[in-house]
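Dropping a structure here in structure tokens format, bear with me for questions.
In this document, chain identifiers A, B, C and D correspond to the written order of the chains, with residue numbering beginning at 1 in each.
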Amino acid sequence: MIPLTYWLMAAMLTPLLGALVISRLDKFPDYREAVTLVTASILFGINVYLFNHLDAASSAQFTLAEPIEGLAISFVLNQFGLMFALIASGLWIATSIYAIGYMRAHHEKNQTRFFTLFAVAIAGVMAVAFSENLFTLFIFYEFLTVSTYPLVTHAGTREAKRGGRKYILILMGTSILFFLPAMIWVYYLADTLTFTSDGILAGHADLKWVLPLLLMFILGISKAGVMPFHKWLPAAMVAPTPVSALLHAVAVVKAGVFSLVKVVVFIFGTDFITESGANQILLWFPIITIVLASLIALSKDNLKERLAYSTISQLSYIVLGALLATQQAVIGAGMHIAMHAFGKIALFFAAGAILVTMHKKLVSDLNGMGRAMPLTFTVFTIGTLSIIGIPLFGGMWSKWYLLSGALGFAQNAVLYWTVLGALTLSTLLNVYYLLSIPVRAFFFTNPNYTVIKEAPKACLIGMAIPTFVTLYLFFDPSIFYGLSLSLTGS
Amino acid sequence: MMINDLILRVVTKWLSPIIILFALYVQFHGDYSPGGGFQAGVIFSTAILLYALTYGLDAALKVIPETALRVAASFGVLLYGGVGVVSMLLGGNFLNYSVLADTPLAGQHIGIIVIELGVGITVAAVMILLFFTFSRRVDPE
Amino acid sequence: MIEYILGHINYWFIIAVMMVGLYTLISRTNLIKKLAGLAIFQTAVILFYVSLGKVTGGTVPIVDEAYTLYSNPLPQVLMLTAIVVGVATTALGFALVIRIKEAYNTIEEDAIFTLDQKDHE
Amino acid sequence: MNEQLTILLVVVPLMIAPITALFKSHTISWILTAIVSLTSLILSFIILFDVIDGSHVIYELGGWRPPWGIEYKIDSLNAFIALIVSAIACLSTIFAWQSVPKEINENNYGLFYAALQLCLLGLLGIALTGDIFNLFVFLEISSLSSYALISMGRSRKALTAAFSYLILGTIGATFFLIGVGFLYAASGSLNIADIATRFSTFADMQLVMTGFIFILLGLGLKAAIFPMHSWLPNAYGHAPSVVSIFLSATATKVSIYVLIRVLFDLYPVAYWQALLLPQILLVLGCVGVIYGSFRAWQQVELKRLLAFSSVAQIGYIIIGISLLNNDGITASVMHLFNHALIKATLFMGAGIILYRTNTTKLSELRGFGGSMPWTFAAIVLAGLSLIGVPGTVGFVTKWYLLSGAIAQGKWIVVVAILAGSVLAIAYVWKIVEAMYFNSKRKMVIQNVKIGDINLAKAPFSLSLALWIGAAGCLYFGLYTELPYQSAQSIATALLSSEVAP
């Protein structure tokens, strides 16, 4: 019986080891991709093992280093983190399969570098997920930014570099300007940074400091894509589609909202925030982001950009849920991390499949394409429906909890109606800007697309996985519900 | 830059050995009376400088080749450090001359004379080297 | 007052020498003259130390039965080292000036400055 | 036995440097230098572990008892500084193997390495000696050899830079000497410990204060404390790569060490507190941080940019000293180490760029980062340390500095540190932007002989040294025991001397 701590270590070391092996296999693409798949599967297996042994969670903890007394880089097995780890590692498998098809069909260069860094980035995600304190989280938050940067600029073109510049400048700049000082401030107030279920600030900080502090966190954790620091995400769409799919629908952006939720729940504590009333002002950030991003998405003709803005809008649902600070809303926020991940990755996969088979990037070029690529567009439709929150798909549950959380929000009547209005409006806009795509593809006719010409097989397999999971989650969301429950302290 | 002045040439020939002798006097009486390696070295070097000024650089280089000067400059430092190291090897602290001979007094004598000799050699060599280097580098205008 | 000035006459001289050195160092643009100023400045310090060691009525610090009062020899010994440092500094300075002359063909500071500006463009 | 080891730190370079000067062959001179720096590193490690618990090693030179003889009194601060100096010397030596043949005239190899060893000798001597005049001599040994080393740079500007450094450095040293003279006139002693113990007997004399001011001015010049830093950017900007690496990481640090000694061990803290010196230093430090960072941001040439950033980093160290509490001094002492590591790494990066492209102008390096990804990555890593990103060494010092400032309620310092960090982001980003994001243009390559393959690849020894440095930035950012414990023990010792009568 291996102690759980070692499993926890393995969760972070496996992708790193995998990266090491992958980087040596430049000459053998088949083995390289096999190793990627095996690593992804092992990692997923480890996370499943951890999930099954969650009861003994308190004992699984280890410290990597302690540069300053009281500030350690340490990791702990926790439910919310495990949820994130499960999603990321599970989808890594799907993405790897998909990437094999995509990268080969697209004749990308430097594929070894791609697969290596991908594994490294996943290691960063694991570290973020299992962070024991805010300090550790911050370090690996930055690590994730840096390690995904070469993936964003993978193409190496001028355009890719320009996108990459924005990516790194916004992500690192805000985190150093706002996140870091806010963290130091918290440490100064509370003398600790360890994530604690009721928050660590209550009783240590004056209520008036909550607003500026929390504002700094919202601005500093720009990976969550809250406006005004959201521009990096559309900029990052220059990356190859598998990167956009896993990193910018799942790993990186979710690391952002994950961090924000952790800060809100485990550093501030929901009660403390409600007490301070700071959220009544800060809620405007996600509200505006939700509506504005939806509107911008509407205006984008480039498919990936439209998806990016849709992501920004959806991420703010999670931020909204956290800031509402009611039990149901926080659970909804946690679940939305999972639900949105599966839905959005399916959409990205489909977009990539269209790009790689038909070489089309614009929404307006998709008319009638459903005839040629029925499977791809089925996947797209299911992803869309899940994101909109229609029953029969997993996405419904997180919206359900978010809405009921919003209904339970009793602090401020104006805000109450605004939140409800924003949620409704954005759902309607969702329907419009996302659902219009499969509608165009299936119901418009275009003489170019009569013969079936599907994406590479590997891509299809990769796409199928999140689609089925989305369907499954409608009938059994208990896994993610259970893991999100930890956010409420029970 | 030969200077064909008879008086200068003759005086230089006479004066140089006397200067050198004086330098040696200052050098080896340094332990009892005013004097020592620094002064002696500079005085010694003036003899060569004087020679070079009257007879020219090439002639002076024949008397003391530059390589010899470089070796001498290094040797002086080594001699100095060597005494220190020897005193360490004999069980004293660095530069503790007392352990160099049977009685501390004799040891101090030996130590100071050898040290000053090292200093003198280095100073003389470096002074001459400086002069040679500069005068070779700059053409007389 | 007069007594005070006369009683410290050596220090007044030293200060004068020091200021001459510093002024030359700062006001001249010719590098050789700058070095000369530097050397004068250092010399002032050496004089300062040596006059520190003077004990009124004391004699040369060589042990002899005829005398009991000696000047303090330590500052002089220290200055021996300081002189060596000074000579080394001056020599190094001259070596640099020679190489500057070779590289810029001038040893006037402002001329060098203009040449450097030209390089920049 | 350990007592004898301490003197070996000085004796080994003293004996080997003159031998090195005689050789013309690069290989032999390099091996000799490597022996010297490695020996010093090992020795300083042994000594540091001996004294880290707060004990002393005392060595009387020539067997003369202090205060008549020269005494080496090693506590953890001495040993720590010696360790920094010799560690950086080792790194520079590794770097020198392939860099020196390219940058230095082949007739001067022996002399170059001899000067490097002498510089090391001087710096180690300063770090060890307990006699203030002896300290002056070592200061001048290291300074003189560094003037010579800097003048060996490739462009003719190196000569003028070395000259103005020589002038200012000598003025600084002479001021220091005058100050020591005044102090000697008052106390009749040159032994630091001896002066300190008898300080109260002559504390009222005007001489003591005059001497103090002269010493401070002299050290300020040598340590390039704002506003006496004007020699530094040119000197480090134009020196040969190895020299920039070695000096930027050690020379100013050692001068600051002397400053710490003077402030805490020679003069009682209460004495200069009454002179409002902490406040003055604090202001100078803060202004230095902001000014240095701002000027760094304005630079268009990599090495000068780094040199100006050194001015800013010295400001941080001064701030830490002026805070006069445990955290502040810990931060300062740690930053001596951390900044040495960071700056050495960055200058090594610049050295590699220079090696391959013959230029360090940012405008001429456009897009070059892509051609040397690993070198570039190491530069970025060290740049992040400069900013103070958690996980790197820079963060650790800034952390202690901040907590020291907050403990004293000096919010203006907090603001200055944060502003300095923001500016650091700006100038590090400027490097990244220029080297990586600006589109590649045709490289202007100067002075490259036909068939020169330097551009193709960074040589192994250079990359090795660079990555040792970069890994150090990361390692000591995570595992801080060695610098932290040393700094802690030093801070305790320094502050306890304040309490003692």
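Here is the rule we go by: a residue touches a chain if its C-beta (ideal position, glycine included) is under 8 Å from a C-beta of that chain, and two chains touch if they have at least 3 such contacts.
As the structure is a computational prediction, the values presented were derived from the model and not from experiment.
Colleague: Specify the chain pair with the maximum number of C-beta contact pairs.
Modeller: Among the chain pairs, C-D has the highest number of C-beta contacts.
Colleague: If you average the CA atoms of subunit B and of subunit C, how far apart do the two points sit, in angstrom?
Modeller: About 24 Å separates the centre of subunit B from that of subunit C.
Colleague: Report, in whole Å, the distance between the mean C-alpha point of subunit A and the mean C-alpha point of subunit D.
Modeller: 45
Colleague: Which whole number of Å gives the spacing of the CA centres of subunit A and subunit B?
Modeller: 79
Colleague: Taking each chain's centre as the mean position of its Cα atoms, how many Å separate subunit A from subunit C?
Modeller: Computed value for the inter-centroid distance: 71 Å.
Colleague: At least two partner chains per residue is the criterion; list those residues in subunit C.
Modeller: Nothing qualifies.
Colleague: Once the touch criterion is applied, which pairs of chains come out as touching?
Modeller: By the stated definition, chains touch in these pairs: A-D, B-C, B-D, C-D.
Colleague: If you look only at subunit C, which of its residues touch subunit D in the complex?
Modeller: The contact residues of subunit C facing subunit D are 25, 31, 34, 38, 41-42, 45, 48-49, 52, 75, 78, 81-82, 85, 88-89, 92-93, 96-97, 99-100, 103-104, 112, 116, 119.
Colleague: Which positions of subunit B touch subunit D when the two form their complex?
Modeller: The touching residues are 70-71, 73-75, 77-78, 81-82, 84-85, 88, 92-98.
Colleague: What residues on subunit C touch subunit B, complex-wise?
Modeller: Touch list, subunit C to subunit B: 60, 62, 80, 83-84, 91, 94-95, 98, 101-102.
Colleague: State the interface residues of subunit D toward subunit C in the complex, per the touch definition above.
Modeller: Per the touch definition, subunit D meets subunit C at residues 133, 136-137, 140, 144, 147-148, 151, 156-157, 159-160, 162-163, 166-167, 170-171, 173-174, 177-178, 181, 184-185, 190.
Colleague: Quick check on the complex: what are the subunit B residues that touch subunit C?
Modeller: For this pair, the touching residues of subunit B are 33-34, 36, 38, 123, 130, 133-134, 137-138.
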